[in-house]
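So, here come the structures, one by one.
Both of the next two complexes hold chain A, though its partner changes from chain B to chain C.
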Partner chain A sequence: MMQSEKVLKMEAKELKEHIARQYDSIEKHRKFNAFITVNKGADRPTIAIKDNITVKGMRATGSSKIIDNYIAPYSATAVERLKNLSIIGKTALDAFGTGSTGSNSDYGPVRNPHDEKRVAGGSSAGNGVALALDMCDFALGTDTYGSLRSPSSFCGVVGLRPSYGLVSRYGLMDLSMSLDTIGPMAHDVYGAAYILSMIVGHDSRDCLTEKSKKIEYHKELDIDAKRLTMIVLEENDSDLVDRKVAKTVASAVERLEQAGVKKVTAKLPDLDKSIPMYYLSMAAEFASAMQKFDGLRYGPREEGYELEEIVSKTRGRYLNAEIKRRIMLGTFVTMKEQQSKWYAAAIKARARLKQEINKVMERGDVLITPTMPVLPWKIEEIMDDPLKNYAMDLFSGLAPIIGGPALSVPCGNIGELPIGLQIGAKRFDELKCLQLGNLFEGLK
Partner chain B sequence: MTMIGLEVHMYPKTESKMFCTCKAELSDEPNRNICPICTGQPGSKPMGLNRKAFDIALAMSKALNCKIVVGKKVFIQRKHYFYPDLPNNYQRTSEPLAIEGMFQGVRIRELHIEEDPGQYELKRGEVDYNRCGFPLIEIVTEPDMKVPDDAYKFLNSLKEVIDYLGIGREGFKVDTNVSTGGERVEVKNVNSIENVKRALEHEIERQKKEGAKRETRHFDALFGITVSLREKETVADYRYMPDPDVPPIIVTKQMVDGIRLPEDLFELRKRLVKSYKITEETATVLTSDQDLVKLYERLAKIEPKFVADWLKKDLKGELNYRNKSLAEAKIDEKEIEKLLNAINDKKITRLKGKDVLRSYLDGKGIGKGIKPEKVSKQNLDKAIDSIISKNKEVVEKYKSGKITVLNFLIGEVNRKIDKAVDVETIKKELMKKIG
Partner chain C sequence: MEIDRIAKIARIRLTDEEKKHLETQLNRILEWAKQIESMKLGDEEYFTDKTNVFRDDKIEQFSDSESIVKNFPKASKGKVIVPRSL
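Presenting the complex of A and B:
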């Protein structure tokens, strides 16, 4: 029985001691900067909520000082749908999701649970740490372009980005609205499937959610390996990928093959072009979403005589450098005289990539890649090199571009550092990702 | 040559706001009808576009003889600017739903829908978001009007059509564009038809004196003048982009066909005057509500002029008093027909009929009220004698020349006999007795 299943079946006394140990771990590991707010008094299996998701009556900072004191007046739909769980706290992220490392939180860089000098992955960094260091049983993260898979990989836990439109985004603070999703993170595939089953479904408050058939994912995880075909990308072994990572993933593929999963290979030569495409369209949407943070409505305010002065002083002081960089880029690419050149071009490139990836997807049930092309870097190494930083998103875009699901499961270690295997599928085929992930977990 | 163009914002009559289920209702209590969506709370998302507002926009497009953009993806755009009454610091506004129309001799450039911002009280630094998220329909004309009165007439006709179709709330917000030969000047946020005329008159005079540069001006209704807001060179780039949270609208032929407009208002008026021999003015009142004119056409057979007058004065008056439309009052045509027949056949007086109507609108049946209550000549005489003897002083006043007090005496007699005799008869008999 996997860890998640055990927790859900614990007797009251055992559960109480289990939760007490989680609170102890939170206290003991404060320097990892995983939590922004801790909720006392949990008495059911615990879930951590990323701080860019609202919980009624709780502080929600999005890890940005610009809304340092914001108390959410409503709960996200996904949070409302959680049953028989206690929210143990709100976790840190790269402010508003702007990063794949966890270092861009205004509440201190989130540290890797296996090597505190290294990054935890992000943006759902706090969740990755909280799970790895047993501070919670489950977590609710968000994923725009790898945000919950990157920390799952770097921290050695499981995370699922659901298909766009499967889980309501109502209550998720915007990063790139056409790509943002809310998804589960857990100790194992069963745990991720268990949370997913609760939070899926149409919501009138997110008019892009689909009316789909409700599946109890955690009850349908078993599958005959022979019934699945995996597509393995040739790019998994390209010079954009760390050698050790490539090797570990190749060995995972081998094990799956031995278990009976059919294998086909495919190529995606334009994969690296997806990164500038993402940064352009994301920045455009992000700059628009960030307009509302002006110091007049939420968070701290700088004084001034005129509206313009108040707004620019407040934003100048409380938005961090990476947020400003993206707002400036986004503002530039949506300016009247620039739009057609940049923003429109990015939208076009995205449509073309979507076609290409979908074509590859036709060849099998699941797409196998590394979650992250590299091992977690040292915190100071990447802080001042945004381009190097952005390159970590190489495989992250496959799922968001086609609106499909992608699961990250641990598939080995290099020293202390874990490596994640990414399992993608066609839109609304999360069950296949979870089934293959569950199968893989059983092989170890 | 003076050229005037208008951007008219009308409020479609909907129950809820544009992108959430909050009531589209103003309130004396600030921030009463608000939610996380219309206040733009971090993480909130717009719900799907208000279908009623969209349907009304299609109806307006038809009424203004526009081409509706069938089959094209119409995106909801974000228009970015910073202002305290705008919770997201961007306003959602659709691409044109209809183009190239014609109304009252003025070409319509386009029509689209957008959301209204809240109300910002500059002096107190307070914002009321009750109005925030109300649907708006913006109608943009070509600069086809030449004098302020053209704009006045255009807006009046527009208002009449909106009332007739029953699809709008009170009030317009109008931006005007005026050029008197030089640069085009925009005068923004004029909030009534009357004020549009005043603003234009002032602006044209001003341009003649001062000349015109490309700028945006504000109309100060209190002083009746326009004041410069900003010069065009400093105008912000709104960075329009499609809202990623709202799917584009694709207008289908079925949607357009689903919107059926009644007979053209101006044709209808002409026809009413001609076929029922009523005045232009009466026809205008009857067509202020399409349900009223429908009722009229069904009941006119009783006696066209009388029915028109009764609907216009008695019914409309009573509905106005109750602040209800005909549809809201849920009137049974058959009952009204009974009542009108009774009055027309002189079974009851028109005055008594008004009582019957009131109690009917209060929820009572009409049948009982119109039982003819014949008052014999003898009883009328008796009633008149009694009123004269009770009001000796008033009678003296009348005799000494104060003729208006007669109305008081008639009223008293009327009350005594429960309005069963028409006013003219009472007056005649009363005067006979007083001499």
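Presenting the complex of A and C:
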């Protein structure tokens, strides 16, 4: 029985002791900066909520000082749908989701649980650490372009980005609205499937949610390996991928093949172009999404006489360097005289990549890649080098570009550092990701 | 790059040091982003399969308006105080 299943079946006394150990771990590991707010008094299996998702009556900062001390007046739909769980706290992220490392939180860099000098992955960094250091049983994260898969990989836990439109985003602070999703993180595939089963479904407050049939994913995880075909990308072994990571993922593929999963290979020559495509289009959407943080309705406000002066001073003081960089980039690429060269080109590139990825997906059930192409950097190595930071997103776009799901499961270690295996599928086919992930967990 | 104009449109007051640093970084990012040109893009349309989804405007009473008021940086008698805009 996996760890998540055991927790859900614990007797009251055992559960109480288990939760007490989680609070102890939160206290003992404060230097990892996983939590921004801790909720006392949990008495059911615990879930951590990323701080860009609202919980009524709890502080929600998005890890940015521009809404420091904001108390959410309402809960996100995904939070309202959680049953028989206690919220143990709100976790740190790269402010408003702007990062793949966890170092861009205004409440201190989130540290890797296996090597505190290294990044935890992001943006759902606090969740990854909280799970790896046994501070919670489950977590709710968000994923725009890898945000819950990256920390799952670097921290050695499981995370599922659901298909776009499967889980309501009502109550989420948006980063890039055409890509944002809310999804589960857990100690194992069963745990991620269990939380997913609760939070899916149409919501009139998010008009893009699909009216699809509800599936109890955690009850349908078993599958005969011979019924699955995995597509393995040739780019898994490209120069942009760390040799040790490539080798670990190749070994995982071999184990799956030995278990009976059929293998086909495919190529995506434009894969590396997906990174600049993302940064141009995301920045445009982000600049627009950030307009609401102006110091007028919430957060601190700078003094001044006129509206523009107050807004500009407030944003200048309370937005951090990466947020400013992205807003400035997004403003530039959408200016009338620049739009066709940059933003329109990015959108066209996204359309082309979507066609190419969907064509590859037709060859099998699941797409296998490393979750992250590199091992976690040391924190100071990436702080002021946006391009080094952005290069970590090589495989992050495969799922968001087609609106599909992707799961990250641990598949080995290099020294103390875990490596994540990414399992993608066609849109609304998360069950295939979870089934293959569950099968892989069983091989270890 | 007209860094002052972009900052004005974005409503962010930057220091001279920030402007200099951002200009260097944005130019570097844009230079890197030019690799998209090698995809030789044509008439691709991303949003053609999307349609608007509308819902009726309905008045719903929000039960806890006090919780919204508490978040205002400046308030008086349950209303937010904002600076002059004209």
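Going forward, the second predicted complex is superposed on the first by the 444 of 444 C-alpha atoms of A that agree within 3 Å, B and C clash if a C-alpha of one lies under 4 Å from a C-alpha of the other, contacts with A are read in each partner's own complex, and residues count from 1 in each chain.
Keep in mind that, in the parts below, a contact is a pair of C-beta atoms (placed from the backbone, for glycine too) under 8 Å apart; a residue touches a chain by one contact, two chains touch by 3 or more.
From a predicted model like this one, the values you see are computed outputs, not experimental measurements.
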item	value
Fit or clash - chain C, chain B, common chain A	clash
First, second, both or neither for A:Val311, with chain B first and chain C second	both
Touching partner for A:Lys354 - first (chain B), second (chain C), both, neither	second
Which superposed partner A:Thr37 touches (first chain B, second chain C, both, neither)	neither
First, second, both or neither for A:Arg297, with chain B first and chain C second	both
Partner chain(s) touched by A:Gly171 [first = chain B, second = chain C, both, neither]	first
Touching partner for A:Ala345 - first (chain B), second (chain C), both, neither	second
Partner chain(s) touched by A:Met335 [first = chain B, second = chain C, both, neither]	both
Residue contacts with chain A in the superposition, chain B compared against chain C	C
Partner chain(s) touched by A:Leu319 [first = chain B, second = chain C, both, neither]	second
Which superposed partner A:Pro276 touches (first chain B, second chain C, both, neither)	second
Selected from 21-29, 75-83, 111-119 or 201-209: the stretch of chain B that, after superposition, runs into chain C	21-29
Overlapping contact positions on chain A, where the chain C interface meets the chain B interface	70, 73, 204, 207-208, 287, 291, 294, 296-298, 307-308, 311, 331, 335
Chain C partner contacts - residues on chain A that touch it in the complex	56-57, 70-71, 73, 204, 207-208, 270, 272-273, 276-277, 279-280, 287, 291, 294-301, 304-313, 315-317, 319, 321, 324-325, 327-329, 331-332, 335, 342, 345-352, 354-355, 386-387
Interfacial residue positions of chain A with respect to chain B in the complex	52-54, 60, 62, 67, 70, 72-74, 76, 169-174, 176-178, 204-208, 284-285, 287-288, 291-294, 296-298, 307-308, 311, 331, 334-336, 339, 343
Complex interface listing, chain B residues touching chain A	36-37, 40-48, 78, 80, 82-84, 87-90, 237, 239, 241, 244-247
Residue ranges of chain C touching chain A (in the complex, touch as defined)	1, 3, 6-15, 18, 22, 25-26, 28-30, 32-33, 35-39, 41-42, 44-47, 53-55, 62, 64, 67-68, 70-74, 80, 82-85
